[in-house]
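Below are two complexes that have chain A in common, paired first with chain B and then with chain C.
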Partner chain A sequence: MAEKPQTSANFSSLPVILLLGFFSLPLLVMYAYLFIDTISDTEVGSLTPSEFTLRHWSFLWETKTGKPNIWLVTLNTFIFASCITGVILTVSSMAGYVLSRLNVPARGFFLAGVMVLHAFPSVTLIIAIFIVLQWIGLYNSLIGVILVKAAVELPLGIWLMKGFYDTVPWEIEMAGTIDGASRFTVWRRLVLPQIKPAMMALGLFSFLTGWSEFIMPQVLAPGAKVQVLSVYLASLIIDDNNFDFGTFKAVGVFYVVPVLILYVFFQKHLMNIYGGGSKG
Partner chain B sequence: MRTSRALGLVMIAPAAVMIFLFFLMPVVLTAIFAMTNMSTATGISGGAWQVTQTAVNRLKAEMPELAGGIAEPRFVIDEEGLAALEALKLKAGFGTELRTSHMGEVFPSRREAERMIKALKDRPSTREVKQISDLFNRSVLNTRFETRDQLMASLKKLGFTLTPAEQETVAATTYTGWVWTTENFRIIRNSPDMAQIFLNTAFYVSVTLLLFNVSYALFLAITTHYMPASTASVFRAIWLLPRITPVVIYVLMWKWLTWDSGFISMFMGQFGYPPKNYLLDSANNAWFFVILINGFIGASMGMLVFSSAIKAIPQTQFHASEVDGASRWQQVRHIILPQLRWPILFVTCYQTLSLLASFNEILLSTRGGPGRATEVWSLAAYHTALNNYTGNLEYGLGAAMALVLVVVGIVLSLIYLRIFRYDTLISKPLIED
Partner chain C sequence: MRILLDKFSKSFGSTKIIEDMDLEVGSGEMLALLGPSGCGKSTTLFAVCGIHRPTAGRILFGDRDVTHLPSQERNVGVVFQSYALYPHMTVEENIGFPLMVKRIASADIKKQVADIAALVHIGDLLGRRPAQLSGGQQQRVALARALIRRPDVLLLDEPLANLDAKLRLEMRSEIRRLQKETGITAILVTHDQVEAMSMCDRIAIMKSGEIVQIATPSEMYKDPRTSFVASFLGNPPISFLKGKVQQGAFVLGENGLRLPLAAVSGIPDGTPLSLGVRPEHFGTTAGIPVEGKVVFAETQGRENLYDVVLPDGSVLRSIQPVRDDVKPGDSVRWHLDSASTFVFAEDGRRL
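Here is the complex of A and B:
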């Protein structure tokens, strides 16, 4: 709309900007203070910080009693998020291709299943999964929670990948098969490179989902050795004896900064997926 | 080439296996667990048969005399007792006479057993009578039996002859493991707590959906539509923040905002209001913030879906309406809204499901409080089965509550599938091999 001559009141944007700016205030205030409070002290009853301090960040170099080391927790979170990303990308790039291109029996049925599961709220299954993991001995292990989390994210991944493959022109594959390549080689060498940007978007999305996940690690792997950042932060907050928003927020910033960096750099890719997977 | 089909099967296998194991199996298992009374007390594997005082008390309601008998000590003249008697090195005559003329006799009380012992030919002293009778004191109370047969054999030895039906009752009341039951569903149907939680859920889902996921998302999409592209993308980025921020931090920020030394308290303090915890001080405030917290996250999805739908409306329609002198409101009412019917339906379906199931935000902010004012169905299932203060986690009841959500989830997502006809999405492979 910007390039249109501003002849009509319909396209004056100032009122809507002001209105929306007003509604956005709570979010802006919360984020601003999230960062300000980690490096400053504020006197009780005041809204403006009075002095600069780094003491809220002490959790980085000293481990609190009864809490796991922050670097171990960060490593766990990284492993958790990366493995999920790896599994989702591998499995859904294969399955998506099958659903988009290959002639397998019950393809329609599988596609319908994926779509239903994509909408289905997987968190309702957590009680059953908890009992199953206890039975098979994967409770309180990273492997268990990685498999579960990757599996419940799979329908969305497959669905998106199928959509991405649908946009690749058939001519590429026809040319490949005419030249004598097998369907597998065609997929591996010709089609996969075509959807690299899409793979990156799905990879980023999966990584962020894994990084942010709270309830599954909380229920399925709460132990100190396998704790991830979300569970760590939640356990700090729930501990009534040491109520200190400064520290909570410092841990929070430590946890959220990678997310924000990825978000700022790859906003365009992510926007497609956060639209609820309606693309495809 | 015949490998296309084989290749397809191989490539889809990992996805099929994972989805089967961690998606379909749990659905079935939720239904199975819902039919049991599994809890921390019963454990999730098998159990044993244990005659505890509580078991006896339970038995009292149905079989009072048997329960009384089990609770009292019984006196049985058996080999075990005789061996112990020999070890005591009292007069040998006691043992011999008990063995020959009283072997296998059962006395329902200490008095009767001691009367018999006193009448022995060797005339034991009062102290000896007591000593001897102690040796034959048999009771199943506080004994653990690994199998049902062991328990029945013991009871038989103590002189309780039970009909098969009675045996069944005794076994059921003393069993410590989980059993099949439909009790969970009866509790869900009849308990007033459950009715309250159901109402809470209906209120929460409909209000959040209506106010934020649809109305406010529409508002965001339409207002950003009327903005210069760069400003619009700034606002879209701001409103995506709640979705992109990990939920633990996002809720932490709200907690800080509403805490009694938090932003709102301090801000109101400038006008002389005393500080208070705005999140938890009353049920109304708690609901207000719970809906806000979830609504801010939910608005972003609708915003993106509606924005791209608005972008798809041909510009000529706006231009034509300009020429006709339409106001902005008329454009929204007659051009935008009618063309957003399907996206709105899509968002409503999708978000109903995610609101019904997700309890992260409520768990982290109010934990269902104050009291149980903001307890919704999914959170209640979590509290019942996985985390509560009493420490007895009722997996069975929790699974039954989750099953309700699973069924609703399946029904709604099937409807969702009907609405967005998936068959149009499958194209026939162009390379036939």
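Here is the complex of A and C:
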């Protein structure tokens, strides 16, 4: 499936590349400038950096007073994003199968419900969720915010998975049951592998939404022990007393690096999402 | 193992597909379910293997009632029209899957897979994935997977539909050989009469959910019960003449051709009938002479096929050993072997 880009004979791609390059230039300059800014000092009013410094990155090795340790925060973010991914993948791969294939009572109701839930802006629920979490004692804990965030993301995941299961031919399942496999084995060994590209993509998207989520951790788990990177980053600008723009930018770059790495590694799988179905 | 369908009915929602079907397939026999598209062949097959629950009636394997047994416990092998191979597994894993779910030791599986692969001549393809196989090879893999559990019953749903003509011929004898070698009871679903006639011990012809006739291929060819059966068997197909009874004879059109037939005696004058004439019974050396004009000629190598239009406009087909003296446009006077024709009532019943 790794197709090489093809240059078609009657069409030169050079002008397109130039045009795209030209319009992307401002973006590239912005990113480059962001990075350069974090490792240099610039005099007030000037555009060109005047000296090299690692001062802005010092948050990596020294914990600022009143702020949690950056590595703890990073670990929290990883746990948060990974757990969300795990929950979403597990639940939507199963629920999607059930909605796609099994003749469950009120299937139509569930399908419509999932759709409505997906369209429902979750922010409006946040006060209610806050109260519920406090009431059951999960306020200011990672588990609480993981469960809430995963639940909010689930409708989309379930709906997507259902769509992918719909493309898997029935005959494969019929053959499986006739070969003596239980329905669970059929799902696990025969059907699930067919939608692996979709699982990859959903997993990656879930991880990224978890990684970038701000509102829920901010409201439901703001404590120093359970803080995630987005909340940490926000606390830097909210802090009026020792406002440090350089550090803010450095943390921003630090925050975005894992995302870039993920994209590089999973790009192929992301492209594969359209090539799913029953191909070998 | 004998298969028995006893008053089997199947409906989807309120649409009745099959009603009160009785069918018995003897042990070790290969039966063809032959019929036009949508007549319920696959539905019957899926009921036998347990994918569809019957709406009413019983299904027996031997003396065991399997009507309410899930397909996992029926021990049937099925080859689907689309083969339904597992695309993410190698050929070896595909064939071994039925054994794997039985938790048989993997060394045993390997050995049995090798044996069965040799039987269907795909021993050197075990490492490939289905996408890397040709249609005929995929078909063999599907067959091997269906056979590896030593099923009591083998069900084939149009297994040859996706193959080219030559492979089809090859696989026809191949499947028959395997079926005989393993002594397995088999049902073959097809809408190709040649396939049904050449591969099976008996044929069951179906029409809109009903079995019209069950017989051996030659019986059915010689003695069709309805015009539907007659038109389904035979290649090139039978042609029909529409006419009326007149004084113990079949008369075509107004004062046209007159054929005295034994089957017609005792039927009141004026009853509309149709006469089925197989192509090999027109253009014979003896019989009643019939005049007409050749409108179409086609050579099939050893034989020639002609379409002849009679004065009243109806068409008779004739197949004869190759000859060069007749061309389209020629008027001919050929003999019709009236004793071998079939007389059908207007509703299609054979008289």
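Following the convention adopted for this analysis, the second predicted complex is superposed on the first by the 233 of 280 C-alpha atoms of A that agree within 3 Å, B and C clash if a C-alpha of one lies under 4 Å from a C-alpha of the other, contacts with A are read in each partner's own complex, and residues count from 1 in each chain.
Criterion: a residue touches a chain if its C-beta (ideal position, glycine included) is under 8 Å from a C-beta of that chain, and two chains touch if they have at least 3 such contacts.
Just so it is clear, the structure is predicted and the values come from calculations on it, not from any experiment.
If you count the residues of chain A touched by chain B and by chain C, you find the higher number for B. When the shared chain is aligned, chain C comes close enough to touch A:T185, but chain B does not. When the two complexes are overlaid on their common chain A, residue A:T177 makes contact with chain B and with chain C alike.
Once the two complexes are laid over each other on the shared chain, residue contacts for A:S58 go to neither chain B nor chain C. In the superposed model, A:T167 makes contact with neither chain B nor chain C.
Of the two partner chains placed around the shared chain by superposition, neither chain B nor chain C is touched by A:S50. Once the two complexes are overlaid on the shared chain, A:P193 sits against chain C while remaining clear of chain B.
Judged by the document's definition of touching, chain A residues 174, 177, 182, 278, 280 lie at the interface with chain B and also at the interface with chain C. Note for the complex: chain A touches chain C at residues 169, 171-172, 174-182, 185, 189-190, 193-194, 196, 278-280. Those residues of chain C that touch chain A in the shared complex are 46, 49-51, 70-72, 74, 76-78, 80, 82, 84-88, 97-98, 101-102, 129-132, 145, 149.
Note for the complex: chain B touches chain A at residues 1, 3-5, 7-9, 11-12, 14-16, 18-19, 21-23, 25-27, 29-30, 33, 38, 44-45, 220, 223-231, 235-249, 252-257, 259, 261-263, 266-267, 269, 296, 300-301, 304-305, 308, 322, 326-328, 331, 346-347, 349-350, 353-354, 356-360, 363-364, 378, 381-382, 385-387, 395, 398-399, 402, 405-406, 409-410, 412-414, 416-417, 420, 422-423, 425-427, 429-433. Every residue of chain A that touches chain B in the complex is listed here, in rising order: 1-2, 8-11, 13, 16-17, 19-20, 24, 26-31, 33-34, 37, 44-47, 87, 90-92, 94-95, 97-99, 101-105, 107-108, 110-117, 119-132, 134-135, 147-148, 150-152, 154-155, 158, 166, 170, 173-174, 177, 182-184, 208, 211-212, 214-215, 219, 229-230, 233-234, 237, 245, 248-249, 252, 255-256, 259-260, 263, 267, 270-271, 274-276, 278, 280.
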